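Presented sequentially are two complexes of subunit A, the first with subunit B as partner and the second with subunit C.
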Partner chain A sequence: MSAAPQAPEARGGWTVGEEAKRGRARRRHVGRAFAAITIVPVVLAVAFLATLLGGIVTDLFSWQVVASRNSAESFAWRQAPFGGDAVVRLELAAQGVDAAEIESTLDDPEQRRRFFARNRVEFMLYTDQGPFRWVVTNMRDRSIELVDLIPGFAQRSDLEAALEPGQRLLLNPWLDGGFFQRVASRNAVSAGLKTALVGTLIVILGVVALAIPIGVGTAVYLEEYVAKTRLARLLEVNIANLAGVPSIVYGILGLSVFVRLMQFGPSLLAAIFTLTLLVLPVVVIAGREAIKSVPSSLREASYGLGATRWQTVWRVVLPSAAPGIATGVVLAVARAIGETAPLLLVGAAAFVPYMPEGPFSPYTVIPVQIYSWISENSAEFRHVAAAGIATLVSVVGALYGVVFVIRRRLERTRA
Partner chain B sequence: MTPASGRAAPHALSRRANRSRSEAIIGALLFATAAITVVTTVAVVFVLAEETFQFFREVSIVEFLTERRWTPLFAEAHYGISPLVLGTLLVATIALAVGVPLGLGAAIFLSEYASPGLRRQLVPWLELLAGIPTVVFGYFALLTVTPVIRALIPGVNLFNPLSAGLVMGFMILPTVSSVSLDSMQAVPRSLREAAYGLGASRFEVVTRVIVPAALSGIIAAVLLALSRAVGETMIVTLAAGQRPAFTFDPRETIATMTAFIVQAATGDQPQGSLSARALYAVGATLFTITLSVNLIAQAVVRRFSEQYE
Partner chain C sequence: MTTVDPTRTRAREDAPRVGTDHETVRTDPVDADGAVVDVQGLDLWYGAAQALYDVSLRIPRNQVTALMGASGCGKSTLLRALNRMNDLIPGVRTEGSVHYDGVDLYGADIDVVEVRRHVGMVFQKPNPFPKSIYENVAFGPRLHGFKGDLDELVERSLRNAALWDEVKDKLKQSGLSLSGGQQQRLCIARAMATEPKVILMDEPTSALDPIATDRIEELIQNIKQEFSVVIVTHNLQQAGRVSDRAAFMHLGRLIEEGPTDKMFTAPRHEMTERYLTGRFG
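This part shows the complex of A and B:
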């Protein structure tokens, strides 16, 4: 190692000492520069994540100039604290409908349904009539201008000055309660996540129901049942390789086997089976780690009491490995929720304006819905996509939060 | 069993027989679950091989490998895989050029410079970065990164591999850093201490002891990242384009193998037609490439990993 200390010798006194000193200083400089450089990637990675998340959050809002087809009124938050019928009354009154007729409209289920099908009651963060106001928008309202959140703050007064009669300026939060209650639509303003949300929920429940028994069963078999033979080695290598197969290849498999060969068609069931196979390696690998970390003294105590192998697994090993297995399952769910490519192949549709009715019905899921919104390539749908992405990322983030909490607990109990 | 009850003996025996029978059934069930993973692999290989075989009965392998045009969805169809492979490699190269140095640097920082407390704080964020759905990265690449790149570099297409590769670099960063970090942490303390004892500075310990000792893990990390980059679908479909081009120019619109698979599957090719089979031929090529890279990564770990007592 060049770092070996040099004795001041041979070439006489101070020059060597000077050189050594300079050498030490150089080493210190190089060392410091390198230390500084290694911080850069971590900072960049965190900055990337922050830009990504920050961009999504700002995309959740947009300034809009809308030419209204009905009243151009907005209503103060205090007039109708909870929205709903109170806003409808105010809106109809502003349109000049008399009180008795308003009540009969609201009481008749058919008229009521028609009103809510054509109109949206929305809570805007800001309008040209003031902040925090309810607005009833109509499908036939015309979008005049759309400005992003941050530039909008600078342009707000110009936009307000340029408003023509019947036009209004709105600061629209795209991710509001209504977003989860509306189904797919060709119109960005009335597009919602409901069908995709239901589709994702069903698919994930199905995947969990299948992946836990199969994944944990495989892990138990590999760790507790099979001897360390060539068969075990083969299974192990196979699972390691499956973990590295690109997700779209699982999509091709699902398309050929589940959609066509088994004739499930582009259905929920095909999606569930495909995603189960996709996340299986995650569950198996986490399950094996968890089972491996169960101390063998526990097993021996159980066998010593006369328990069979399965009794030992079921009553001793699995309870003790449960937190680790749970981590694997949650990670598998996080993966399955965000998968897009394989589901595009097994038939998640871009436009499903109705709820799935059974295991063979057409469906869509959140990431596929997001993909189709991005593909719309319009400024308005960009915000709808951002609202979907914010939902998806929040769910995935929460799942990772669960994983970290379980891991912290495990570390603490082991320490 | 109480020793007094003589008649309990046959009962206990039959219970034991029952027990061993149910044990055997459970063992068989567990084997069946483990077999599903093998069946999956066999099914993947069979499905890809079968349709690809049909494909090659109509398209010569020579054309597949040497033709420079890939236009199976056009009236005048050409079946040369090279533009798709080239597009894939172009994006993957950019991604590795970004992700490998950053990931390796992050691993060195976390392993050798950060305090254990700081490491525990930072690692979850990297893991979260790895867990973000790829469609989100695609959205970010297309709508945030591409406009910036187009403002900085003239002549860049709306769909380009530069933006996709850049974002993908950050997507694979956690793969590189976590696998490298594990192998750096596995370098025994004694080696570090011996080096410090010889008067080495921290920089020298990192570059001449830790990195060489962890090299097999680092190479494996890079290969795993490569395999992820090659197989990634949503970023490239959204941001790099769907127009196959035989080009090395990162400003041009291209298509990767995965992007073609999505394009072919979401369009409506009649099942069994040659253009539908092209999907499987591309899938088989993709599968072969990623599997080879993964197998090499595993071999590197097995062959070159240092064994410490």
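This part shows the complex of A and C:
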């Protein structure tokens, strides 16, 4: 035993009795406090996420009172299970058009085109005539009142009581199939995502087609070929830094180089090149990590069988690194899909009511379209924007899902 | 023979220095005609550090040659010099010659890729590619544009590696789904599929359990009808069991070489004896 023990209970270096009990209690206390602190950000994050998603989802629906230029009738889901022409027939009949004329309208391509340019068949969750009904809306239907989803439930009977002849109450789901088939419009009811969706699709395909060969090529070169010199390290650090450069800077670069210097103008091609530059560092970094994680024993095995460097890279290293590279590419694409700032600079247009026709066409993409909808001076566009946001969030979510699946498969093959 | 002072027990201190003028002790030397590989005066440097000093060794045809020695003695370096795997390491410089069937593997007009096709290699840790069993074996032949019955070649290689019966119904499964010992036999089959004359094995059983090791040793005995084998091993019993000739290295020099049974029963160099009796290493 050493010199005089600190506490009377201490024996042979062991703490016993009351002091030991106090020590244990203190430790438990600190442990619990620490666990409590770590749970706070998790709760906050979940709460914010729920608020965000809840806001988007409730904004997808709204109650509308509309002065209809059509019959103000609605048709039960059972009368026309697949919508389309069957609903048009019912509507025209309700307007008092006789059967022969209905068929001739639907059969003549020119009349048909004109009818569908002005009218749309829509499925409503609720109308003043009951739930789940088809209506045929007209471009020039006048909006009388717009009520949010939740307050609308409370005010429903008041709204129904106040309906005048020729008006109808609708519970409109803004994100419906037609939303993806309609192009940009000044009218919220007929505004759709089609042009932006196609624009995003083309831009992303272009970015992937450019970023994969350039990015993976760079990664392979840096990992497998270049000597580890000072210059190579400088290059490495710079690529890592480029990944952190604000995206607006890439927009300025794209504006001066692609739009002005190379005279692409505000075109799809300028957008593709600008976004490719933006995601390249991410692809290169992910590619290098993936290539680095391929065990050197596999390279040795390949060389030992008489493979050249090129054969080793192509047949052994890249197949083994593919899941990691794919993860990087998908994450980069998820980032590119949501980019707005650089595209505003290189000239994504706010209002494009027609499809892009070639690489130099004007175009718009989903986030830019959402941005312009939100800036519209009409309450209804808020719901259109919500539908666009929901689409964007689902697409990005699906891409992260793809990453998750790739990671799972990667872990299984490495095990 | 000298006896060792029993008061000096630290292994490292006990290992005597070898002079630069050291002559390898050779018992029943292999004549030039019986050698498939003929190493003459090989020096090798990693940057400024010399790893091999004037090594001369003939590898006999259709026999198993074991390279032994303590860690860092240069046995793996010598092995990898035989198919120029050292070329992959930056800063390696080689002098001297390695002749394979009369061709200098370090000659100016020699293609490294071709060297490795003639001299195959099996590594310490089983390293099958994350591909199917079939594709693992077919990898080498495909690289070299094999024009023939690939199925037959894969089957023959797997049979030679005593693996065919275990995998014939799951050739499409990943090579990684096999056990460690099976993976190593797959790697041996893969090396044999390029139809080399020499197979180098760098401690092929050090990552395996005793039963798997047994099977690999048996396999080595069987394949020497067709191939000449050079095996690096830390395990003296293994060297005794599988090899026909043995070479003992120390600090980059080849100390002694000769038939395994003679070397194990009557080592002629003092350091060989100390190594074999476990007094350093």
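Throughout what follows, the second predicted complex is superposed on the first by the 381 of 415 C-alpha atoms of A that agree within 3 Å, B and C clash if a C-alpha of one lies under 4 Å from a C-alpha of the other, contacts with A are read in each partner's own complex, and residues count from 1 in each chain.
The rule is simple: a contact is a pair of C-beta atoms (placed from the backbone, for glycine too) under 8 Å apart; a residue touches a chain by one contact, two chains touch by 3 or more.
Computed from a predicted structure; not experimentally measured.
Enquirer: Go through the superposed model and pick first if A:T308 touches only subunit B, second if only subunit C, both, or neither.
Expert: In the superposition, A:T308 touches subunit B and subunit C alike.
Enquirer: Just checking: does A:A227 make contact with subunit B only, subunit C only, both, or neither of them? Give me first, second, both or neither.
Expert: So A:A227 only meets subunit C here.
Enquirer: Applying the touch criterion given at the start, work out whether A:V316 contacts subunit B, subunit C, both or neither, answering first, second, both or neither.
Expert: In the superposition, A:V316 touches subunit C alone.
Enquirer: After lining up the shared chain so the two structures overlap, which partner does A:G166 touch, if you call subunit B first and subunit C second: first, second, both or neither?
Expert: Touch partners of A:G166: none, neither subunit B nor subunit C.
Enquirer: Compare subunit B and subunit C by how many residues of subunit A each one touches, and report the one with more.
Expert: Counting residues of subunit A touched by each partner, the higher count goes to B.
Enquirer: For A:P81, using the defined touch cut-off, is the partner it touches subunit B, subunit C, both, or neither? Pick first, second, both or neither.
Expert: neither
Enquirer: With the two structures laid over each other on chain A, which partner does A:E300 touch: subunit B (first), subunit C (second), both, or neither?
Expert: Touch status of A:E300: second partner only.
Enquirer: On subunit A, which stretch or stretches are contacted by subunit B in one complex as well as by subunit C in the other?
Expert: 308
Enquirer: Considering the complex alone, what residue numbers of subunit C touch subunit A?
Expert: Touching subunit A: residues 83, 85, 88, 90, 113-117, 120-121, 123, 125, 127-131, 139-140, 143-144, 174, 176, 187, 190-191, 194 of subunit C.
Enquirer: Quick check: in the complex, which residue numbers of subunit B touch subunit A?
Expert: 19-20, 22-23, 26-27, 29-34, 36-38, 40-41, 43-44, 47-48, 51, 101-106, 108-110, 112-114, 122, 124-129, 131-140, 142-144, 170, 173-174, 177, 195, 198-204, 206-208, 224, 227, 230-234, 237-238, 258, 261-262, 265-266, 271, 279-280, 283, 286-287, 290-291, 294-295, 298
Enquirer: Which positions of subunit A touch subunit C when the two form their complex?
Expert: Against subunit C, subunit A makes touches at 227, 295, 297-298, 300-308, 311, 315-316, 319-320, 413.
Enquirer: Under the touch definition given earlier, write down the residues of subunit A that touch subunit B in their complex.
Expert: 1-5, 27-28, 30-31, 34-35, 37-42, 44-46, 48-49, 51-52, 55-56, 59, 213-215, 217-218, 220-222, 225-226, 234-235, 237-242, 244-253, 255-257, 260, 277, 280-281, 284, 308-310, 331, 334-335, 337-341, 344-345, 367, 370-371, 374-375, 382, 385-386, 389, 392-393, 396-397, 400, 404
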